[in-house]
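Input: structures, listed below.
Two complexes follow with subunit A in common, the first pairing it with subunit B and the second with subunit C.
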Partner chain A sequence: MSSRPGFVMEVDRSTPPTLFWHGEGWKLEKLPNGSRIIYPKEPMEALRDPDQAIQDALDNPLGESEPLDALLRPGMKLTIAFDDISLPLPPMQKPDIRQRVIEAVLTRAANAGVDDVVLIAALALHRRMSEAELRHALGNRVYDSFAPHGLLKQHDAEDPDGLTYLGTTDKGEEVEISKRACESDLIVYVNINLVAMDGGHKSVATGLASYRSLRHHHNVATMRASKSFMDQHHSELHSANWRMGRYIKQQGIKIFQIETTLNTNTFPSQFRFLQKREWEWDIRDRATFIATSKVMGKTPPKINRSVFQSILSPHAMSSVQAGEVEAVHERTTEHVYAQQLVPVSGQSDILTLGLPYISPYNVNSVLNPILVACLGLGYFFNLYRGKPLVRQGGVLILSHPTTWEFNPVHHPSYIDFFDQVLSETTDPEIIQSKYEESFARDPWYIHLYRTGNAYHGVHPFYMWYWCAHALEHLGKVIIVGGDPKAVSRLGFSPATTLMDALEMAKDVVGPNPSLTHFHVPPLAIADVS
Partner chain B sequence: MESSKKNFQKAVVGATKLKLKSEYRHAKSALRPSFPYGKPTLPGVIEPPKKQNKLGVDYNTDWARKPAMKFARRVVLESLARPVIHLIASPTILGDEIFQSLKGPFIFTANHASHLDTGLLLTCLPENIRSRCVAAAAADYFFDTPMKAFFAASVLNAVPMERLKVNRRSALMAAELIEEGWNLIIFPEGGRTPDGWGQPFKGGAAYLAIRTGAPIIPVHLHGTRQLLGKGARRLVTGTTKVTFGKPITPFEKEDARKLAERVQDAVACLADEAATTFWEAKKRNASKSTPLLEGHLDKGWRKSFESYNLPSPSRPSRPSWPPK
Partner chain C sequence: MKALQIEKSLLRFGAASLIARTKGSGKGASIGPLRYVDIPMPKEINDNWIEIKPILSGICGSDLSMLDGKSSRELESFVSFPFIPGHEVVGIRADTKKRIVIEPLLGCISRGLSPCGSCLSGHHDRCANLAFGDVDAGLQIGFCKDTSGGWAESFFAHITQIHEIPDSMDDSDALLVEPAACAIHAVLQDLPEPGSTVVILGAGTLGLLTLAAVAEFGKPKHIVVAAKYNHQKQLARELGATHVVDSDKVQAMVRSLTKSRLVGDTLSNGADTTYDCVGSSATIESSIMITKPRGTLVLVGMPTKGKIDLTFLWQRQIQMHGAYTYGTEQVSTGDEVPGAANGDASHSTSETFKLAIDMSHKVGLGRLHSATYSLEHYEDALLHAGQAGSRGAIKIAFAPNKNKKILREETETL
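Up next, the complex of A and B:
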């Protein structure tokens, strides 16, 4: 049975209250009559036999690429790079898609007599993955075959001996990536495309790059010129990555890209109501909603967090393609759009969003206030193609507890960024020019990044830059139910209830504003005309 | 003057009724718990979902084959249904020794004269077979109301089978069950006999045998019409005879219609055996003079009339003790 498409619904008197994510929980909110709600498309049908689909993709590459078997030979250097813990969200139920693909690639490499194989987690400036996380992503078989011999590496963007400077693009962007990758006869990149922003040249040019290289596109100007990240042809972030990717190719580095897409079956059946339309909630859905809401209201937040972080998504593979990077990514993007695009007509004065407990940078961790801002303004605001859902000067209302809480192991530089930088200014340009360098070069943060499980010192800056386009576009940002102190530090306005927030928004956009609520996750991309 | 007074009274009564109605509606909606404690209301722009017909051939019986239901049915079958049916029908079982050397799943095809047939056949099967048996039941008769459907699925482990037209869904479901290792009881005549004589066998069972490779076991049930025939209002006790034939497997590239004919012939032979003896039936079968299940007369009162001449099963006489 085909899945029902996403659609835009106008709220009327008989529309039941709408689900808003609220961190590690949710709320039902009654939206004013005449508001619009964007509902995502239902999950597309998964591939019946994903393992066979992988084999087919390896045998029938796209673009100017030979089949994988023809690229493998005895005595060669093979590097298999793969996406890190930031994908997919939430982490998927076993077997992880990376395990399936990497096992298929390794089987072929073994048949071809390839001995020199190294696996690299393409972290860029993300935190190193724990053993359990690696085992989950790769499976025990792969982990135990490579990790004990030091052949399962995590990319180190600060290792002076582990990086190779390749040169600059025609726009003067420095390209520096993993030395092992550069020296390999073949890089096989195993990607997961959760949103249209992932994959393509971004996989290697970002995932295996150094700070020196990344700063050329992870900056305020690039982010502001990316409208949006989900629209490759109007995203400067993509353009920069594409220039770098093509430059890498020109240097003779051979990449065999394997990209996979997932359907939006995001939550297990216990939480199925989260991806159902409210008027279709049956008695089980309502009972689950009430029971979980009541229980979560009584239990300590830490327990709630550990319960939520233990959710494994039943995501299923909806496509897999392999071969030359650009040809592969074009096909992948088609699949992502087929699942996620929802046509929307026109912008509105106010956009409301419920933010969940998870973002790419807090898997098994805390969604701290900076990540709240990044999730709302960097990711969800950018889930559009064409025009933003909210007009220039409009108001964005987010729903999230936004507690003043950080994970000191994963996000040490975030704590200082929040205390020292945001207390001075929230202007991305000033932050970039005045503070970025000192955080990026701080030896303590570098040490924690390289040896612990910490995000790089510059990472909170990048999170703030992700918000730059939204901050420039919006007239006001209001967070409902957030800790007033933390929300104020972000430069946003706190509100107790949605009704209060709507009243506050009227001061900016005038009386009788139009309102759009984006009912995500599960993820969707608004195709705004 | 009088008429205007009456009109006025009518108008007052009408207005009061309307007001009461709206008050009642208002009170009712106020009493109804709000979402999520109560059912959600449907937004005006959303078309009300069409009620899916979950009865008939679309009735989902998966739940009836879950371990808990299997256990419950087994308890009911062994402790209640089997003793009661055997008390009512006092069956004599012939030919059941074939199960000692055969492995299932099987397709049991029997003649059909009574609602007792499924229960009787089921309870006459060896324990290991009857515990993994599903019965094909008429979708339009046993699955037309929720209560009947629940009873058929839970007690008889019945699955809906379309008998009025060819239905891919019911055939596929039955085939899947056989492939999963379930034995299937099916009455290829498509319904109980109206006059005591058999009806032509339909090709469903034969199709399933060809598709799944499961052997067909022909069965003849003798005497059930006398206990609870079609149209009977009362259940009476009596004796019955259940005769199992040798398994029939389809020949290579055999047509379902041809196979159905072979099965019908086999059941006719068993009917003859039930009425006479194994040896006599075999001899008649060899000389191709086995009486037809449908009888030799055309439809009509004479056929019905003659059906009363069909022999009733009798309990085999036990040797008396002490021997005379």
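Up next, the complex of A and C:
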């Protein structure tokens, strides 16, 4: 049975209130008549036998690549790199895709007599994963076979002895990646492609790179020239990664890329109303909505957070492909688009978004105000192909509690960025030129990144740069229901209710504005003509 | 003459202390030891003492601390009762009618004594004879019963305590000269090295003046000021702070600027120099935690009584010292000394007060002067001074020879 496509609905008097995510919770909002609501496509059918599909992909590589078995031989150095805790969202129910793929690769490596195998979590500048998180991603069998022997590593972008400088691309971008990966006869990269931005050359060129290398594309100019990150052919972020990836290949480094896609079956059955259209809610959905809303309203926010962070998604593998990086990624992108693209005609004056509790950088953590900004302006705003959903100079209205709260273990430099940088300016270019170097080179942040579970000192800057395209494009950003002080520190306007926000927006876009609500997650990409 | 006089009354001091602790600084004025009185002018001391008629006379933190019963009773040996407070004074010489500021310290020379070693070298801040000589005990004018003080229509100042000010100098700028001299003295005792990191805790009068002095005489790379109120933050930026933060964000800012690591609550490195311009137990302990090992911690202004954990003062080998009043300073002229090591510059000697007059005039420190009251309305004045921060004010002053209740009130809305 094929899934129903995503679609755009026009609000009229008979339209029921619309669900808005609001952090660890949600709201029902009545949108003005004539507003548009973009609904994602329903989850595509999952692969019936994912393990067999993996075997098939390894045997039938795409592009100029031999099957995996032909690349494995005794005495070789094999490095298996894999996506970290930032994917997928929410974390998936066991077994994780990474476990399935890596077990398949390891079985073949063992059969081929390969005994020098190292696993590397491709963290880039993300925080190190905990043992529990690694066990969840890889399974106990893989973890217990590798971790005790020091063969399960987490990429350290600040280890001077663990990096190799390869040279520069024809655009002068420095390429510096994991030394172990460079010295390997083969890198097998195991990817989860949640959105079209993931994967491809970004896997190795970003996931295993150093700050020296990353700063060439994680910067304001690149982000502003990526319209959008979900459209490889109009994304400078991709172009830079592709240049670096090709340069890595030219240096003789061999990569066997394994990419997987997921369907959008995002929430477990007890929360099924979250991925249903409101007028199709049955009694059980309504009862669940009312009950959970009431319970969440009475329990402390920290308990709500732990409940939400414990959600494991049932999303399932919808495709797997392996082989040469670019050929693989081209096929992967087709699968992502098939699941996520929703045709939309034209832009609107106002775009509304309900922001959930989770982003790539707060799994088992707090969605602090900087991550709220990044989720809204960096990720959801950029869920488009063609043109943004909101016109140039339009207004973005986000719904989120946006509390002044940080996880000091995971986000220590975020705290200082919020206090010391955003208190002075919110201009991405000034922030980049005046403050980035200081945070990036700060030995304390480097220490916490290397030895604790902290994001790199420069990471909050990257979050702000993700917002740069939206900040340049939008006339105003309003957050409904957020802590006014925290929202103001971000440079945005706080509003108590959606109706207040719509009134405030009229000051920018004029009376009778057009409005689009993007009903995500589950994820979708607006294909705006 | 009309004056505000302090009597030695344990009961009144105790009552003021209780009110201050329970209701806030400055609220105990009505039942405290201070009284609005009409008393005869004190008798002339000798020909070296000149009658001064105050134009403006500031309310100092040490005055408030004393009136709130917070200051140490050990200082009572250096005070003679009953006395008239007021030592931050711009006034007029009764004989020449010239505008002057006074340097209120009562050292050997003003006391008619042979100068002690300190006074002989111009360092009367270190004078050994504060309770002897021609006048009764008293650290300064404003604590001595024989001289009267600035919170009166007239008082006496020794000829050596009088500094004429330029005609172009605003009265408000002149009002800030005495506390500015304290700040300059604090800064020049341990002038921060070029390129160093300096922290100033507190952005009341002394904090802001210390900031002005650091900016004027030093060349640190970073000047971090901890301020509580928006008007204080605004003034701190105007006066040269490179970073202005809330007090609970100081440690994070110092950590960032000095690229320190955190071990528990202490920084592996820290500020080169910290000026504590609050003087509470909490700020002194905070200062110790943010000052680098072997760094310098200067207590500017009068600290309050309290318990302090000195463990990290010891472990970090921090040089902590007080900075009291003023005297004579060595100031770099910026000229290199022939044959000296690189960076060594020649120095000139100058009275702190001369430097303070110049700085106050140049920088326009009168901007810190927020409100002026007549003596009769001292209760309102002291309440305003006690609540200066929350009421958008910095320096509150009396105009002892004026009768209107409020003569200046311009920063309430900052």
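Here is the rule we use: the second predicted complex is superposed on the first by the 529 of 529 C-alpha atoms of A that agree within 3 Å, B and C clash if a C-alpha of one lies under 4 Å from a C-alpha of the other, contacts with A are read in each partner's own complex, and residues count from 1 in each chain.
Methods note: a contact is a pair of C-beta atoms (placed from the backbone, for glycine too) under 8 Å apart; a residue touches a chain by one contact, two chains touch by 3 or more.
Note that the structure is a prediction, hence the values are computed from the model and not measured.
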First (subunit B), second (subunit C), both or neither touched by A:D231: neither
Subunit C versus subunit B, contacts on subunit A by residue: B
First, second, both or neither for A:D156, with subunit B first and subunit C second: neither
Touching partner for A:D419 - first (subunit B), second (subunit C), both, neither: second
Which of subunit B and subunit C A:F289 touches, first, second, both or neither: first
Subunit B versus subunit C as contact partner of A:P443, first or second or both or neither: second
Subunit B/subunit C common contact set on subunit A: none
Subunit A residues within the subunit B interface of the complex: 9-17, 28, 278-281, 286, 289-290
Subunit B residues within the subunit A interface of the complex: 35-37, 40-46
Of subunit A, residues touching subunit C in the complex: 415-416, 419-420, 438-439, 441-444, 447
Subunit C to subunit A touching residues, read off their complex: 243, 245, 249, 252-253, 255-256, 259-262
